[in-house]
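Quick one: the structure is below, and I'll ask about it shortly.
Order as written gives the chain letters A, B and C; numbering starts at 1 within each chain.
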Amino acid sequence: MIYQYIVLSLILFFIGLITVIVRRNLIVVLMGIEFMLNAAGIMFVTYSRFYNNYSGEFITLVIMLIAACEMAIGLSVVVAMFRIFGSVKSNDIRELRN
Amino acid sequence: MTDKLSSLLVIAVLLPFAGALTNGLLVRYMPRKISGIIASCTITFSFLLFAVVYIAAGNAIRIPYVVQVAPWLFLGDFNAGISFIADRLSLIMALMVTGVSALIHFYSIGYMGGDRGVNRYFSYLNLFVGFMLILVMAENIVLMFVGWEGVGLCSYLLIGFWFSEEEKANAGRKAFIVNRIGDLAFIIGIFLILGYFNSASFISINANSYKIPEMTAFAVTLLLFIGATGKSAQIPLYVWLPDAMAGPTPVSALIHAATMVTAGVYMITRLGSLFMMSDMTLAVIMLTGSFTALFSATIATTQNDIKKILAYSTISQLGFMFAAAGAFAFSAAMFHLITHAFFKAALFLLAGSVIHALSGEQDINRMGGLERHLPHTSLMFWLASLTIAGIPPFSAFFSKDEILYKVFINENPAAHFAPKIAYIMLLLTSFMTAFYIARLYFKVFSGDYKGEKHPHESPRIMIVPLYILTILFAISGPFGMGGGIAHIMEMPAKIFIKNIHLTNTFQRILEPSIASFGSVSSDVSTEILLIFVSVAVAFAGWFSGRYLYYQQISPVVESFNRKFYPLHNLLYKKYYIDEIYEFLIVRPYIYISKGLYGLIDRFIIEFVFIGLLVKIVYVTGFVLRVFQNGYLYKIICIGITGLGIILYFMVGR
Amino acid sequence: MSSALLFYMSAVLALSGGFIMLFSKNTVGSAMGLLLAFVATAGIYLSLSSPFLALAQIFLYSGAVAVLIVFAIMMIDEQKKYELPVHGLFTKSLAVISVLYTIYILIRIVRFSGSSRVALSDTSELGRLMVSDYLLHIEALSVILIVSIMSAILVAKRKS
């Protein structure tokens, strides 16, 4: 049964990764990041439960908290960027390059 | 020495720094009048504290007492702390430094009062006194070097005090650079000492100096002496001192006459036992000192700038001190150091008073007849001139006579001829000294006034310190009288008091803290004879100067100058030493520098290294620019590729 | 219902949520897909017999993070195209599915029987670890939370 969990986790992770790569909207990019974290959480819990070790579960909890923090800051940055650039498309925001 | 006295001592050393900080940090906000008072008061308090320590300690400082202030350098088993040595030598020196400094500070209030940078001036001056006290009180040679460099720095700052004038700023640089040469030798000497004794403490160096082999002793002491020639303006590194007169006159009095330039003599005295180990070095010191004395005295006879004459005179008198140190008469050297500090500081301050009166005029050919306009200055200048000329009963007579005697009876096993040659040169110097100071005095004060500006006497704040100095140099002589003079003095005194026995008080006080040979069998009759010789020479010099220059433009002088024009010109141009140095050292140095600049800087560094570096950076940047494209997804793809590579090496293989 | 069935169901929902997030042209649609995937993940945790994490997942992710994202979308809604998140049949049905599935998961949590083949996670054991072995981590997390709250305020504040 463990293989199904791992495969699911990997598929979810890559869905998140592809979201980050292909989408231009920064909010969706952030969603992809959350998605990847979620997939990692599934992996942790899987191993934790199958080997009966609570560290994995604890780390999943930590990941949830960190993801919440990251989301708060990330979204505030996106909002600030929207105020400055008037857009949340990553292609529009290449100020450093120019 | 109790703990209380130790802390008083530390406070006394730190007070000038406090003054310097106060004036330095508040340089923009301090009212001009206040800064001088603060500076003067800190130095005066410092002087009083030293006096209290000296009196209260009494006999406790017969042997050096070490005051540990703070730990500083720990290098393996070697350590040099910030600690002060309190013995009679250092305390007397500190008393002299703070005392003369305090008087000069008060004088400066009057002299520099109108200057815009007066706060800066007093800050530097206090800083100088602080570093000088560090130098004097240092218990180990490393800390002494700190003070040594510190006074050099302050000297540089104060010579170039009016830095907006190119020439004056350059004089400061010259002093600094010439001092560097001496300091290099000094620091090598310090390293040799540290390597050999594994200790920086003067006490242990002096205690263990007998273990040092002859050649090492020669090398170490010679290097230290070269360091001293830099700081104390001896041949060959004296050239900065005449130029240093570009600074304000009180600075010349304090730094370039009374205190800093005597640091070399103090250092040699402090390390007396070490210098005793090398007769060769002592001979070198004696000959260098006496030759410098003669050399610069001859230059002084032809100069026209009032401060330059005094500068060469200072070099000459320092030569006397070194000759005494070379003859192993440290007590005589220290005594001359102190009397010289008094009368030369007074002379400089009086010259400052004259310059002040004439609103900046320094050429003695445009002075004359100032006796009527400046009665106080003129009187004190006369006394100071008599003193430096070596005419009894003023202090320099005693100190100079002691030096002449000690040099005469000195026997140097390494160079038998040295003491005799040195004696003859010093005797000639005595004559020259009396001659040039008489020339200076009569050119400035007698005859008719030849300038345009109206001279005016200086304010009281300048005159009062001068009177104190005058009293000091006039009466301080008998404290250090030699055996012969004591013998002469005893004869009339015996009429009134039976069993009177006059001794050299100064030497007796200093005896415990300096190295000495034990008593040399002295022949009183020889000494008395020498006294008469030197007094006769002094009078001869004084009166020949008076004869030639009393009438201002004397036909004898004119015809002499015409007949011996090359000689006069040679002296007037200071033996062309500056030009010779320029030709031999500065020019080749510049050429070598330019060559090295072309080869190393332009070609190797700029073309090869920097050029190559630029190319590498450019190519790297060209490659990396692909990755830094600003597109989020490209950056993430690159990151994931990297992650994949890492994972491949971690688990994939 | 066996845990295997729960797993497969949740897996299908999570994958479909992920694809919706990936392909939806509508930002709100993406958010709904994400919400669905989060809830499904809670189901997966449940199938792994750790009900506490499932609950935390719903509270934290579905509750806090997803709502935060929707808020942000409303704040910076570029073209003013979407008046409210729920617009159009697709998005509506997605939202309904998430809600229903959440209710289902919650019921499962309440009625958790522990019949799965892996041992039931002992929540009290996890709690004890938090205040003993991982105490330092918890403290560090609290600091991170505070700092992130402050920095989020600082970054998003209008310059005035």
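By our rule, a residue touches a chain if its C-beta (ideal position, glycine included) is under 8 Å from a C-beta of that chain, and two chains touch if they have at least 3 such contacts.
Remember, predicted model here, so these are calculated numbers, not experimental data.
Peer 1: Determine the shape of the graph in which chains are vertices and touching pairs are edges (line, ring, star, complete, other).
Peer 2: Looks like a simple chain-to-chain line, open at both ends.
Peer 1: Which chain's centre, taken as the mean of its Cα atoms, is farthest from the centre of chain A?
Peer 2: B
Peer 1: Which pair, A-C or A-B, has more C-beta contacts?
Peer 2: So, comparing the two chain pairs, more contacts are at A-C.
Peer 1: From the C-alpha centre of chain B to that of chain C, how far is it in Å?
Peer 2: Centre separation, chain B to chain C: 83 Å.
Peer 1: Where the centres are mean C-alpha positions, what is the separation of chain A from chain C, in Å?
Peer 2: Their C-alpha centroids are separated by 12 Å.
Peer 1: Distance-wise, how many Å sit between the C-alpha centres of chain A and chain B, to the nearest whole number?
Peer 2: Distance between chain centres, rounded to whole Å: 75 Å.
Peer 1: Touching two or more other chains, which residues of chain A qualify?
Peer 2: 22
Peer 1: If we count contacts the way the header does, which residues on chain A are in touch with chain B in the complex?
Peer 2: Interface residues on the chain A side: 17, 20-22, 29, 90-91, 94, 96-97.
Peer 1: Which residues of chain A touch chain C once you look at their complex with the stated criterion?
Peer 2: The touching residues are 1, 4-5, 8, 11-12, 15-16, 18-19, 22-23, 25, 27-28, 30-32, 34-35, 38, 41-42, 45-46, 48-50, 52, 54-55, 57-58, 60-62, 64-73, 75-80, 82-83, 87-88.
Peer 1: Would you mind writing out the residues of chain C in touch with chain A in their complex?
Peer 2: Touching chain A: residues 4, 7, 11, 14-15, 18-19, 21-22, 27, 30-31, 34, 37-38, 41, 44-45, 48-50, 52-53, 56-57, 60-61, 64-65, 68-69, 71-73, 75-76, 78, 117-119, 121-122, 125-126, 129-130, 134, 137, 141, 144-145, 148-149, 151-153, 155-156, 158 of chain C.
Peer 1: Residue numbers of chain B touching chain A in their complex, please.
Peer 2: By the definition above, chain B touches chain A via 628-633, 636-637, 640.
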